[in-house]
Every structure is written in C-alpha cells, then in structure tokens.
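In the two complexes below, subunit A is the common chain; its partner is subunit B in one and subunit C in the other.
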Partner chain A sequence: METISAEIFTLTYGSMVRQLIADYEDVEEVNKQLDKMGFSIGQRLIDEFLAKSKTQRCSDFREAAEKVAKVGFRMFLNTTAAVTNWNAEGTECSLILEDNPLTDFVELPEALSQLKYSNLLCGVIRGALEMVNMDVECTFVRDVLQGDDVYEMRLKLLSSSPETYPFKDDD
Partner chain B sequence: MPPGGKGRECSESCLDFLTLQLVQHYRSQLQGPSQQAALDAVGERVGRQLAERYSRDRPPLTEALEVMKWLCKEFWGEVFRKGVDNLRTNHRGTFVLRDTQFRWLARLSQNQMPAQMGQPLPAPIPKNELAADYLILPCAIVRGALSQLGLECNVTADATSLPQVDFTVVLASA
Partner chain C sequence: MPTLYSLWIVGRNGGLLYSRDFVQLPPIEFNDKLRLASSWFGMCGISAQLSPVPDSSGIQLMQADTFDLHSFHTLTGTTFMLLTEPHTPDAAELLRTTVYELYCDYVLKNPFHEMDQVIKSELFDQNLVERCQAINRRWGVGA
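Let's look at the complex of A and B:
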C-alpha cells in the first residue's frame, strides 16, 4: 500500500466533520451522515482490501471480525483493533481501538458531547461487510473524546447470505 | 509508530476514499450550502492548518515569490506527493503552477458510457468537465495555505490535459 502522512487525512476528516456540523446544526443528524458516508466508502474500500490483502475466505463471523480488526485497520489506518466481548452465539463482539488516527488533534467542546466523531468508521465496516454478504450493525459504545478510556465499537451480525457464507450446524 | 502526532502514516487510499466521498456527498445534497461553497470551506481550513504545520519550523517568508516557491516545493511535496514541475509568473501577481502528474486526479478515468443498440457511441465527457468537481478541494487547499502565509488570492485549475493540471493563482491586489 502507498502511504501518506496521516496528518493530511486526519485534518481533512476534521474539516469535513466541522462542515457537516455547520450544515446540519444537529449532532444526531451529523452522526447519521458520517455513518452514511462511511457506508459508501466501505462499499468501495472492500475491493481494495480484497485485492491487496490476498486474504482467504472467512469461514465465520469470528474470523471476519478478526480480519477487520487486524488486517483492515492495519492496512488503511496503520493501527489495529482488539476483538473482545463475544456473546455466546458468536454474533456480537466489540472492536477496541486504543489508538485512533482520526482523533489526533481533536477535542470536543461541551456543546458537541453527543457527537460520534469517528462514526465514519462504523459506516465503513458496515459497508465493507455488506459487500461480502454480511449485514451488520456497528455503533460506538465508548469514545475517548467523550471521556472513555478506549474507543469501542459494538459489531453485531444481523444476517448473512448462505451461498457465500455457509454456516455449519456444529459451529 | 508513536501514537498521535507527527510521523504517523496511513494508506493513501484513505484520503482518496474520503475526498471522493466528500465530492459525492455535496453533489447529492439538495439542501444546505452548494457543493462549491462547502468544499471551499472544507479545503480552505485544511490548507490553513497544513501550511501552519509545515511552515512552523522555518524562518518567515516575506516575498510573494518566496512563498510561491515554498508552496511548489515543500507544501506540494507533502500534500500532493511531488513538487510542482513548473512555476511561471508574469511578475504582476499571477502565477501558473504546472503539475504534469497531479496525484489526486491520476486515477480519474474518462470512462465512456456503453453504446446503446444501433446508436453511435456517445462522446466522452471532456476532461476538464469531468475533473471540475474534484478540483474544488485542491484549489481551496492551496488558497487556504497561501492565505495562512499572508497571500490572499484566487485559485483556479485547468485539467484539459489530464493528468497534467495547471493551477493559476491570482493574488488579490494589495
């Protein structure tokens, strides 16, 4: 992968978020737009991910989540996420980011405490996984900008299409 | 890699995806600011912030020509991955910066629409028209950077012969 100084990316993202806040004047709507924009990005980004990561087909959601966290974040953002807090069915987990390049130089003013600043990431993950036939829900549940100690995204598998993603009964 | 701050890297495609999406988002917005106004504002802020960062550790630039040279070499190198290939000026406040391989538009493809049965192939969209939306942001970044260094100006770009792009900077008469 060609790399660039993340500063440019981070500042462009920040400037975009600021613009969205000015456009919508409603934090909830900004959160929604960020997720939506991320979704479109994810749909495109998956192509590059599959082409460049030379990854094999994932056998289940667990493996897919690991790939997102370990390969995806490394490839694009040069950071990694930890996958934890699985539910018993193996359909829900958390991605924990200790280091989030999007939020370098960022502090949230009081008035924007409900802003999910990095919400684009959730959209990207949702968009990318949708292209490999996994419908997921992805939301930030912890955010350093809102005073938590790490970033945590909750990832929940809603459905997956059986042709390309076979579930075995004994899994 | 130390978390945060200088030296951190990310993939180039992150920025590509983001800028593409920005253009697309504001192209499809029916309410709010126009695409031009929104991308201008986004780019100008980025240009200002980057110029501030990149010029922090150097002595101040006083002459307009000095500033332009710094922009073409240092700033362009950082933001657009290589220096400007050619800088011309009429010495009356107009500068033309030629980048023969403008990185941000290098992959813009002049894809033709598929031909309809029995219809002649539609003419490809002229390069300049195709590139117009994608040049708003880089122009605004350049304008922001120059204004941060004290040069108020107007920046336009001509992409008639992509991947070559000519940026024309016209300084506001002092």
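Let's look at the complex of A and C:
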C-alpha cells in the first residue's frame, strides 16, 4: 500500500469537521457524529490491525488497552499513547497522547470551545474493541485545544462477553 | 500435486459471504454451499468446547484423503476456509496473512461494503484469484 502525506490526512480531517459544524450547527451534535463516524471506522480497522500486527487474543482489558495504545496508535497515527490511572478493578484507564497529528494546525475559536475536535478517535477505539467483544466507553477528558496540557482519553470497560457459537445468551 | 482449490468466507453469524474456486471443480449448488458453510461454522464453535484447556480455538485444520480444509477464525468472528490438495504447504500461513490482508484492504476498506453482508467486490476477487492462481501455477497447476 502506498502512503500519503500526513498533512493531506490532517487537512482532510479538518475540512470534514468544518463541514459537520456547518451541517449540524450544534457542537454537541458534531461531537456525537464524530464519535459515530469513528465507530464505523473502528469496526473495519480492527481486522487490519489484527492482520498486520499478528496480535493474539488478549487475556484481559489491561493487555487490550496496552495494545491499543502502543501498537494501534503507532500503526495508524504514527504516535503512541501512555496507559495510566488504572482504577482498582482494572476496568478504567486513561490513554495519554503526547502527540496528536489530527490537531497539528488547529486552534479552536471561542464559539466552539466545547468542540471535541478529535472525538473521532474515541469512536474508533470503541468500534474496534466492540468487534472483539469488549463494550467500552471512551471520552476525551483533557484536550490541548481546550487549554489542557495533554490529550487524555478515559477508557471504561462496560462489559466483555465472548460471543462465540454456541451462543449462551438465548435462554 | 499441491493445489489451492477454493476459498470460502463465513460471517459472524454463520452465513456464507463469499466463495471462489481457483481451479475447475465440480459445482456445488448454492443452497448446499450455504448449508455447508453454516454447518462448518457451528462445528468450529462446538469443537472449541471439547478442549480440556479453556479459551481454545476451534478447528484449524481438517484432513481428508482427498483434501485439506484450513479454517482460520479471526478474533472478530469471521471464518476463512481454504480448501486445498492434501499437504499443500504454507496454506495456513497464506490464509492468515495474504488472504486476511486482501480482505481488509479490498472488502473492509471499501466504504460501500456493508458489514456482515455478502462480499461483492471485483477488486477483492481479482487480487485474490491472481495471487492464488499464481501460487497454483508455481506448482504446475493450470487454471
């Protein structure tokens, strides 16, 4: 596969977000749409991730989060994330992105201060993990564009059920 | 002589999404294919339960005197079935890398492909057939 310049990607993402804002005229709705689009991308991207990285089944959520942060982000965004702030049960963690190529040229105007510009990434993670039977919630809690010092995504495992035949949940 | 016979792809729900022969084979009726594919899907699921060790995979290889059936179950639930001449080398690897990657590129990345729907992709078809027939030719098998 040929690659394209990262700038084209960043600019394309920017114009897409801009178009969503024009179409929906509501920041909350745009956040929601970005997440939804990301979800569909994630559902498809996960197979590429598995095929190219030769990843085996993860034993637990911790391992899955590490894989997303270290291998996934490297593969698709050429950056990595740190996994920190685990809760005691091992069901919630934070992904800290040092570098976010989506926002290279971006400054948020005041009127759009509530925009979660990179929310697509949350959707991608949610969609990808859903395909390997982990239901997660993923949201940006810190965003450099909103004045924080890093990008932080909070990842929360809701349920994980091996959904293989013969299905057990139909009784 | 080693030969790749055909590839079948079975979806997450056990439905046949795709099948393609790489050499001239006696035809199987479409309804029979659907039935066979979903039966195989079911058997793979059941076979995992026979394992004394938890979290085992299902059947990966079935050998008969006239053919091998390599079965690759992705972590996302899609099943790839590759039928070959017995003892055709590297078939399992071919399935896990080349075929899986072609599927990612030409099926999943096509924005108009609906998840878990029948695969109608000319690009996937072309590339798959090209690769597999090239391998067959290397073993001296014509199309």
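Just so we're on the same page, the second predicted complex is superposed on the first by the 158 of 171 C-alpha atoms of A that agree within 3 Å, B and C clash if a C-alpha of one lies under 4 Å from a C-alpha of the other, contacts with A are read in each partner's own complex, and residues count from 1 in each chain.
Please note the rule applied: a contact is a pair of C-beta atoms (placed from the backbone, for glycine too) under 8 Å apart; a residue touches a chain by one contact, two chains touch by 3 or more.
Remember, it's a predicted structure, so these values are computed and weren't measured experimentally.
Trainee: Counting only touches as set out at the top, which of subunit B and subunit C does A:Glu48 meet: first, second, both, neither?
Mentor: A:Glu48 contacts both subunit B and subunit C.
Trainee: A:Met16 contacts which: subunit B (first), subunit C (second), both, neither?
Mentor: After superposing on A, A:Met16 lies in contact with subunit B but is clear of subunit C.
Trainee: Look at A:Ile4 in the shared chain and tell me whether it touches subunit B only, subunit C only, both, or neither; answer first, second, both or neither.
Mentor: first
Trainee: Check whether subunit B or subunit C contacts more residues of subunit A in the superposed model.
Mentor: Touching more residues of subunit A than the other partner does is B.
Trainee: Does the superposition put A:Phe61 against subunit B (first), subunit C (second), both, or neither?
Mentor: The answer is neither, since A:Phe61 touches no partner chain.
Trainee: Is A:Phe73 touching anything from subunit B or subunit C once the two structures are fitted on A? First, second, both or neither.
Mentor: neither
Trainee: Per the contact definition in the header, classify A:Val132: touching subunit B only (first), subunit C only (second), both, or neither.
Mentor: Touch partner of A:Val132: subunit C, not subunit B.
Trainee: Residue overlap on subunit A between the subunit B contact set and the subunit C contact set?
Mentor: Overlap of subunit B and subunit C footprints on subunit A: residues 1, 44-45, 48.
Trainee: Show me the residue ranges of subunit C that touch subunit A in the complex, using the header's touch definition.
Mentor: On the subunit C side, the touching residues are 14, 41-42, 44-46, 48-49, 55, 74-78, 96-97, 100-101, 103-105, 108-109, 115.
Trainee: Where on subunit A does subunit B make contact in their complex?
Mentor: It is residues 1-9, 11-13, 15-16, 18-19, 22-24, 33, 37, 40-41, 44-45, 48, 75-78, 98-99, 101, 104 of subunit A that touch subunit B.
Trainee: Going by the contact rule set out above, which residues of subunit B touch subunit A in the complex?
Mentor: 1, 3-15, 17-22, 24-25, 29, 32-33, 38, 41-43, 45-46, 49-50, 53, 78-79, 81
Trainee: Inside the complex, what are the residues of subunit A that reach subunit C?
Mentor: Where subunit A meets subunit C, its residues are 1, 43-48, 50-52, 54-55, 57, 131-132, 163-166.
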